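Per-chain residue numbering starts at 1, and chain names A, B, C and D are given in the order in which the chains are listed.
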């Protein structure tokens, strides 16, 4: 049986469709999860997609964090549920304190939509085990509040524990601390990043197909050893 | 209706590009005495029944401010 | 206090609605003075309303007529001329809905239809650039939604004053920020547009937004309230005091100007989050088959939606205005009717379907309220707390507005302008020619007009929805519609105020031709046209002449190219004091791509591909970017229009894409071959070596129309040459792709790094 | 260093969708007594030499607030 991967739709989610397409392209079954539903419908992993949940009013991800489905996700993370937050999903994970740090306004104070290179730093996580350490990939960054911020102690700890998922290669597009583009929990299961691997699964409609291994990695991680 | 003000500011150690940009704009506009600008948020909250400042502070801590990067204060309006 | 008409009004305690001017009052006080002039109606128009009703209008009725008969809603100065679009439209069987609907709809095959339209939001974007532009996007998206379609992409065509003018520093970042905020938050990819600068737009920027949507032909919705007994449901945001300056004139005139609640903002604040919910909610309602008719609430809000729906259905409607959910309880009926609050739609629903409709709306957190019902009375009747305040034949407001035949006169100054031939401008010659030509190229490439638009376009999400095949900086935006077959649509918008200034007829055709060419360059077959006509005051005969010439040019041009105009928008009164903007019709062309996997990008990618220049190059500098930037000159004639040549060129491009003969195609427009080569090199990251086949300045900077450069796939040269010959399209080999410089053999060479630096820093240097 | 606070709020008649969305979030979070929320901006401005409130108000009018839709107030911090 193929893995079932849930993709949550919050009011204002935008890249949920693309995330489902990426899940299907990776060979798994995408399952639509609704923000208001306090059930995960037995999915094996969850993707929190990009977009502007609740309009990104107040702070990006601040209101979505309290959605009923988030309560379920927070509970299941404790028992090892792999969760990937992309862009707005990453912001939600930080707001929910499932990942350390916060995402703040881009230094240039503008929304930035650009094809960029990132370097995969950790290949032991559930979402990046299909990459090679140090591999550089081309993906899309599109966000207004994508600058990763955390206090010095947290940054040092992330570094020491190998929790930096990926970094911007080349110039830092948004002022993120330590060029950090994504981080992962100490368990290696909950990951978040600002760039969009789901937009990079087909060179026809994205800058590359380099993002697909995010979605195949989790299948490998889920497969019984 | 009674109301409260909640002020939310970025913690001093968090970079505020918006504030910096405003400070430089001040200089260009002929206000050289501006040394720094920090931009935060101000919420004016009307409550339909009497609510304690304590309760509003709970709301601020839970929703209106992100403790990782922000600090807040509550005042009756 | 006693009003002029004799009705007594008392200041109402809070919560109790003010007594309003009712139909009975209007009958009883026929002579009460009404502020029709302040509402923009002429004495004749006011008299006409009286004649239609057989009495004076109530305040609420006056509100309806004043907005419905405004230039914006009634097209009273343009309607007579716009008829040419239908009259001259080429025979076509793909048009499912045309002019007069919210947006045109074309059948693109494989069971899909596409609807698209461009609209202006110029004035609001000057007053409050961010919100003005944001709500401009919101408005055009609802037009597309109202056709029963899912909006799938937006484009924006922008014009500002000089790039270095202080006010442009305020307006441009605000406008771009507003479009970015609204479009991105709504999840619609931005797939292209325009950015131009000219002193004429300093006090009057142009912000035109385009939206395209996709639907199944059988899901097409029309704005018609049919079926007496059906319910009228208002969806979306609550109604507030937005954009009702006119209504407050009414309120203060009839209520003695009570200070309370008199503050009526003319600026509307957009809520893209609510719009996103409204879009998803409406699409779910459509798919569930729960909606009989639907209309967006645009400029004239409830007044427009109710009159157009009931006129469109040939029915009547009864509406309880006090049921409209309000954000500000002090609003009266006239204000509710005129409010331009954003993010609202009106749906007609059978009584049995009201409950399911409300539950879908609840799922999406979209407020929904039944405010009335369809009747067979042929009257639009509205009440306010039970008292009749409106009773009119709906089509008298929606369709039978005044139509003017405004005087138009070609100004004498056109002669002097035409004789100021750009051919006399000094062109680089002599021993220093090589360095002068190089300098001129760099001037164009590094200017705000010719520079990289990334500062703007990087603020727009082009990837969302995962179907964007081409977007900025390619010639056309290209969207995949059907993943299985590869069916897609391409879109481009173009306009050129300089050409239109010299000759509005030819200039409009050149805009059409350029958009047509851009679409064909991607490999798509041009199919249909939308347009936004930005002009000064129609009361100025010189402006009216420009307008009539432009409309005639577009109608004739579309006829010759075989593409119908499916809809559009007219924006008059774009002027600062007595000075009108240059006539600026913006033309959007939509094409169908049979297989987006065979798309043709505009950048050089493959090395060692032959570069072929298609079309004839003549010494045509009138209105050119080179004449403007190098000499500050605008005079003479714009480039010659040859629509037959454009058509053949498009045939070649579409066939070449289908047969995969070319790797690159880029149209020649502003800045001629010089700009086109520079852009193709920079977009694809590959250099080129070109030999000019004649006079260097002419080949580099002339803007002769009907020209494109292509890079032919190695091995396909013969087949491509054959294709051009068959179609009678002149094809000149001018060089090869490859290397890391733009080299013009015998003249100069520019390293791509230098070119990229100049091109890329033009806008950041100005806007940070 | 002396500093000033500039509070910028949308004019009362201007729609504040963000404030409305926050108010609904408050209700969902168990704060039903919240009747309305308006969100504005708060600037904290440090000046290197004494500056008058008047001067800061000029700055606010020119740079910090958009008079078409916003109003502001200035206070010493």
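Convention: contacts are C-beta pairs under 8 Å (C-beta built on N, C-alpha and C of every residue); 3 or more make two chains touch, one makes a residue touch a chain.
What you are looking at is a predicted structure, and each value in this text was computed from that prediction instead of being measured.
Colleague: Applying the document's contact definition, name the chain pair with more C-beta pairs in contact, A-B or A-D.
Modeller: When the contacts at A-B and A-D are counted, A-B has more.
Colleague: I'd like the Å distance between the centres of chain A and chain B, where a centre is the mean of that chain's Cα atoms.
Modeller: 29
Colleague: From the C-alpha centre of chain A to that of chain D, how far is it in Å?
Modeller: 33
Colleague: I'd like the Å distance between the centres of chain C and chain D, where a centre is the mean of that chain's Cα atoms.
Modeller: From the centre of chain C to the centre of chain D is 35 Å.
Colleague: Nearest whole angstrom, what separates the Cα centre of chain B from the Cα centre of chain C?
Modeller: That gives a centre separation of 39 Å.
Colleague: Find every residue in chain C that makes contact with two or more other chains and list them.
Modeller: Only 271, 273-274, 365 qualify.
Colleague: If you look at chain D, which of its residues touch at least two other chains?
Modeller: 17, 21-22, 25, 29, 39
Colleague: If I count partner chains per residue in chain A, which residues reach a count of at least 2?
Modeller: 54-55, 57-58, 63, 66
Colleague: Should the pattern of chain-chain touching be classed as line, ring, star, complete or other?
Modeller: Shape = other; not a path, cycle, star or full graph.
Colleague: Residue numbers of chain D touching chain B in their complex, please.
Modeller: Residue positions touching the partner: 1, 7-9, 19, 22, 25-26, 29, 31, 33-49, 51, 55, 59, 62-64.
Colleague: Please give the residue numbers of chain A that touch chain C in the complex, ascending.
Modeller: Chain A reaches chain C through residues 11-12, 14-15, 17-18, 21, 50-52, 54-57, 110-114, 140, 142, 144, 196, 198-199, 204-206.
Colleague: Within their complex, state which residues of chain A touch chain B.
Modeller: Contact set of chain A toward chain B: 58-59, 62-63, 66, 94-95, 100-102, 104-109, 147, 149-151, 175.
Colleague: Give the list of chain D residues in touch with chain C in this complex.
Modeller: 10-17, 21, 24, 66, 68-69
Colleague: Touching chain A in the complex: which residues of chain D?
Modeller: Checking each residue of chain D against chain A gives 17-18, 21-22, 25, 28-29, 39.
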